[in-house]
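Below you'll find the structures, each written out as structure tokens.
The same chain A turns up in both complexes below, where it pairs with chain B and then with chain C.
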Partner chain A sequence: MSEMLHYVWLGVLSVFQGPALLELGGIGLPLALVMLVAGLVTGIAVGATPGLAGPMAMAISLPLLISAFGFTPDALLPVFGFLIGIMKGATLGGAVPAILFNLPGTPDAMMTTLDGFPMAQAGQPRRALRIAQLSSVAGDTFSDIVLFICAPFLAVMVEAYLDLPEKTALLILSISFIAAVMGSSVGKGLLSVSLGLVVAFIAAGTDLSPRLTLGIDALQTGVPLIAAVLGVLIVGEIFATLERLWHDNHALDVKAASDGSAEDGLQPGDIRRIAPYVGRGAVIGAAIGALPGVGSTLAATLSYTMAARRARRNPAAQPFGTGAPEGIAATEAANSAVSGANLIPVLSLGIPGNAAAVFLILAADSIGGFNPGPAVFSMPEGAINPQLVTVFGIFTLMSVGNLLNWVVGGGVMRAMGVLAKIPATRLLPVVLLVSLTAIYVQETSMFAIWATLAFGVLGWAMRKLAVPVLPFVIAFILAGPIERSAREAFSASGADPWFLFSSPTSVILLLLAVVALIFLGREK
Partner chain B sequence: MTKFYTPLLAAALLVTSPIGVQAEDWTPPGPITMYVGFAAGGGADTQARLIAQGIEETYGWTIIPQQLPGNSGLTLAAELAKAPADGTAFGMVVSETLTYSAQAAGDPALQLDKFTSLATTAEFQMGLVAMAGGTFDSWDKVTEAAAAGTPIRFATASDRQADMAWHLGQKAGIEFNIVEVRGGAGVMDGLRGGDVDIGWVAGAQSKSVQQGEMTNIARGIAAPLADSPDAPAITELGSDFYLDGYFMFIAPGGLDPAAREALGAAIRAVAEDAASEANALLIKGFGGPSVRIGADLDSYMAEADADAAELIKAVGE
Partner chain C sequence: MPRLSFAHGLGLAVIALAVLALILWVPQDTVSGYLLSKRGRVSIGDAMAPGLAFGLMALSGALIFLEARRAEAEIRLTARSIGFLLAILTICLLALGAMIWTGPLAVALFGGEGSYRNLRDTAPWKYLGFILGGTGLVAALIALVEHRLSLRAVGLGLVTVAVLIGVFDLAFDDLLLPPNGDQ
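Let's turn to the complex of A and B:
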């Protein structure tokens, strides 16, 4: 235990005594903290801009950050600081246009419009924003605490109890689960997962000549990771939105905001009113967040629906949909509580559960020196595990981010209201250009650009056909670990073809995968 | 006065020694891409990055590290073969990449003579490693367990290591379950997680052995291991071969001699500079720097190439 505390302390130090941006009166301004603040402000701005989302900003900034900070271990915390800042800022910022303009800045803020906008219309926009901020930050903080406690124990358990065949089965379970719960049908989810696996298998493997390259020279080293991920996730989204705007040029325009009345701002008793809803929302969000692939939109919907049901049973309560503070609180607490818990499978197993997590893994992968997975949490006797220090550095950054969100988040939110007025027809081409530039900066090859555009078309087509794109990306990232662990398990078992069924744990995990595919799949 | 004369002296030297001028004068025509043929975060990866960092600091050249692991370094070799031979691309592999692995793969474009050897950094401290205090922490325990019918999972990080595991097993009468993992770090993670029982590690085990977490149950090189002088050599356990080699930098074939000399000298300077982080890591984790460049390195590589041919023949029989 004291060893663990020592690591916590080292992690805190790694943030505050890390490389400094500049010295003020002999005291260094830690670079990681500066990047965190920059990320937070960017995140709130991005969340507040309809048509942009946190993952999009993370995707674009990642290559730029890497080219700015390089590939040394010193780069890890500043880069993670900025990305975590965006992640945290965007969950907060998404509520701004939802409340002010009835336009969710991020998809998970959809439910916020239901009560936030009526409250703003009734002359209390500041009150609505304040409630959203308090609930969001409370949910986020709770979720982070769950992460800090659960991730190390989960990792240690996995490492202690899971052998190679079980690890393979666990990865199979993860992608099956993601295929089952994302999108409109299991079939489409599986299709997306399979596509991701096939693309990732190009030029991978241990054979001495690269496979599946179709004789194309540029594919000898495989599809560039960043081109596939950004193409499908970001460029595809831009294409789809541009197509929507092509049909209706005013689809994303904002309606005029209402001014605040004299009775604006947080009302006495508000906090006591929303506290239980925040608490329930946070628990729902954290529980859902811990499962890979189930997004914050579901958490927000579930929490809002449950809160609305509870309110209907109480005749004295303000009905939901009329500007009830409880409605805003339930939604914002739940969608924000997803982000921290989502990192539990990321840090302890290396399995990303949502788009934001995908980019954190990409960052770790590109910079090197930090490989999310059970080994991160090992505490070798007498030696210092630098990866564990990095983890606690990340936890420190998250805590500081929450603190900042509490203190200054509200002010930044109010200031960002104006961003929703930027027309999407101007914004999206700029985002596209910046994305492609960022990819070129990292890959320095035109092949990467063409690949990105090709995957952008794939992403657009998948959206048109209602095939979810995130399973593609997650399968693409997990393909390597799955193949590797299967290979290792196969040879460690002395070339037993039934290695996956060699232990009860692994059979149970595989059965769970089948159960997930059969029972969690649903037609929407 | 010295301040005034030193540049003059340097200028005089530059004018009077034409060969020296070439290497001294050589600067890379652009940013250098340094490919790293090892998984990110492992000992070899850190070593390569620290040397690059040292060169950047000392010489002001820009070096961009890029991970390119896989196929025992041949993925890197294939990429490097396409890169310009002007000193703007080199990569870190192990000596066996261009000897054993190249021969085993058999691609004529990826043989030793198609590349320029720049410099070695450290010699393998190759040990057969197991968890200390575990079921397999001595060779006797391994043979006893094998005799009792316990399957033994043997982690290896390259084809040559896998062949050597097979060869050692054959000579000792043990049929190992040979698991190929990613690099020495992969072997050690596997040992810690209980996924494998024993495995080859070429130096990264040093810290863990010193701290009593792991133990070298045998050594793969002729000289005793710095951390475990008592570990028996694998040749004493029946093997016909050692599992020796170097971590080294290679460049595309036909590299400009001035670039070869300058890069080799730069790597040597950083690796042997007692003030550099790279040097500290080499001492702590790789038994100290062991830099060989130029003709000396070429003759070692030729020898290793011949040995590799023999091992392949022996395992094939």
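Let's turn to the complex of A and C:
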């Protein structure tokens, strides 16, 4: 235990005594903290702008960050600081246009419009924003605490009890689960997974001659990771939204609520009124967030529905949909509580569960020196595990981010309300050029741009055919680890074709994968 | 027999693609096959993982076929949509073409003896393609979506390009704007 506390302390120091941006009166201004603040403001701005989203900002900023900080271990915390800041800020910012303009900045803020906009229309926009901020930050903080406690234990359990066949089975369970729960049908979820696997397997084998290249020279080193991920996730989304705007130029226009009245701002008794709803929303969000692939939109919907049902049973309660503070609180607490818990499978197992986690993995992969998975939590005797120090550095940054969101998040949210008025018809072409330039700068090859556009077309087509895109990205990232662990497990078992069924644990994990596909993927 | 819907067709197409890949692509484009035996030691070959992935794809096609009726309402792929995609791709193609060829063309016409490769990190040559292609991309996409070309769209493209030059090229010595890394 004392050893663990020592690592916690080292993690805190790595943030506060890490590289400094500048010195003020002999005291260094920690770079990681500066980047966290910059990320938070960027995230709130992005969340508040309809048509943009946290992952989009993470995608654009990642090549810039890597260019600025390089590929050294010192780059990890500043880069993670910025990305975590965006992740936290975007969750908060999504509520701004939802409340002020009846237009969710992020998909998970859809339910916030139901009570947030009526409250703003009734002359209390500041009150609605304040309730959203308090609920969101409370949910996020709770979720982070769950992450801090669960991730190390999960990682230690996995390392202690799971051998190669079980780890392979666990990875298979993860992608099966993601295929089952995302999208409209299990068939389309599996199609997305299989496409991601196939693309990742191009030129990724162990033979001297790379596989599946179709004789194309540019594919000899495989598909650039950033091109596939950004193409499907970001460029595909830009194409699809541009098409929507092409049909209807005003699809993302805002309708302003009335200005604040004299009685605007948090009312006496509001906090006591929303506290139980925030608590329940936070638990729902954290529980759902811990499962890979299950998004914050589901958490928000579930929390809102349960809260509305509870309110209906109480005749004295304000009906939901009429500007009830409990409605805003239930939604915002739940959708924000997803983000911290979403990192549990990332840090402890190396399995990304959402788009933000994908970019954290991409950052770790690009910079090097930090490989999310059970090994980061190991504590070798007589030596310091730098990866574990980084993990506690990340936890420190998340805690500071929450503190900043508590203190100044509300002010930044109000200031960003104006961003919702930027027309998406002009914003998205700019985002496309910025994304393509950022990719080129990182890859220094026009092939990467052509590949990004090709994957953008794939992402657009998947959206048109209602095939979920996130399973593609997660399968693309997990394809290498699955194949590697299966090859090693097969060799270690002495070429036993039934190596995946060699232990009860792996059989249970595989059965769970089948159960997930059959039962979770039935009706949506 | 009930008429086959678009979703039925999608399911069948996915199955056909997966089967073709399993029969033609995987065997012909991998060296070691599904299993590899070397000095009596058997290991998994390079074809195994893609083979299983295409098997999964075939299974997904079968499921899509079976789920077809339920999923029908969600499919929104129309001729109009494909037309929009072609328009957007044409714009990207022309803009990136301008990005690639403007610099070398300008050097050939006005750069004297030097080649673009030697001047690719020298202003103003290194900016020409990016300015024309980048501004064109932004302005043309805005014009496509808003159904009219405006000076404001061209101005926004120019501002975006200027900011990107500042952020990437002026701030970092070792970064190259498109297309200069390929030249």
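Descriptive notes on the structure:
Here is the rule we go by: the second predicted complex is superposed on the first by the 520 of 524 C-alpha atoms of A that agree within 3 Å, B and C clash if a C-alpha of one lies under 4 Å from a C-alpha of the other, contacts with A are read in each partner's own complex, and residues count from 1 in each chain.
To be clear about the criterion, contacts are C-beta pairs under 8 Å (C-beta built on N, C-alpha and C of every residue); 3 or more make two chains touch, one makes a residue touch a chain.
For clarity, every value in this text was computed on a predicted model and none was experimentally measured.
With both structures placed on the common chain, the touch criterion links A:L453 to chain C but leaves chain B unconnected. Once the two complexes are laid over each other on the shared chain, residue contacts for A:F177 go to neither chain B nor chain C. When the two structures are aligned on the shared chain, A:F499 is found in touch with neither chain B nor chain C.
When the two complexes are overlaid on their common chain A, residue A:S491 makes contact with chain B and with chain C alike. In the superposition on chain A, A:E483 makes contact with chain C only, while chain B stays out of contact range. More residues of chain A are touched by C (comparison of chain B with chain C).
In the superposition on chain A, no contact is made by A:Y304 with either chain B or chain C.
Touch criterion met: A:N371 reaches chain B, while chain C stays clear of it. In the superposed model, A:A461 lies in contact with chain C only, and not with chain B. Residue contacts after overlaying the shared chain place A:A68 against chain C, while chain B stays out of touching range. Shared contact residues of chain A with chain B and chain C: 206-209, 487, 491, 495.
Of all residues in chain A, those touching chain B in their complex are 71-72, 159-160, 163-164, 167, 206-210, 220-221, 365, 367-371, 374-375, 378, 380-383, 387, 484, 487-488, 491-495. Touching chain A in their complex are the following residues of chain B: 39-41, 45-46, 49, 53, 64-68, 70-71, 74-75, 78-79, 104-105, 107, 151, 153, 177-182, 189-190, 192-196, 207-208, 211-213.
Within the complex formed with chain C, the chain A residues making contact are 64, 67-68, 184-191, 193-195, 197-198, 201, 205-209, 211-214, 239, 242-243, 245-246, 249, 425-426, 428-430, 432-434, 436-437, 440-441, 444-446, 449-450, 453, 457, 460-461, 464-466, 479, 482-483, 486-487, 490-491, 495.
Those residues of chain C that touch chain A in the shared complex are 10-11, 14, 18, 21, 25-26, 29-32, 41-47, 49-50, 53-54, 56-57, 59-67, 70-71, 74-77, 81, 84-85, 88-89, 92, 96, 100, 130, 134, 137-138, 141-142, 144-147, 152-153, 156-157, 160-161, 164, 167-168, 172, 174-179, 181-182.
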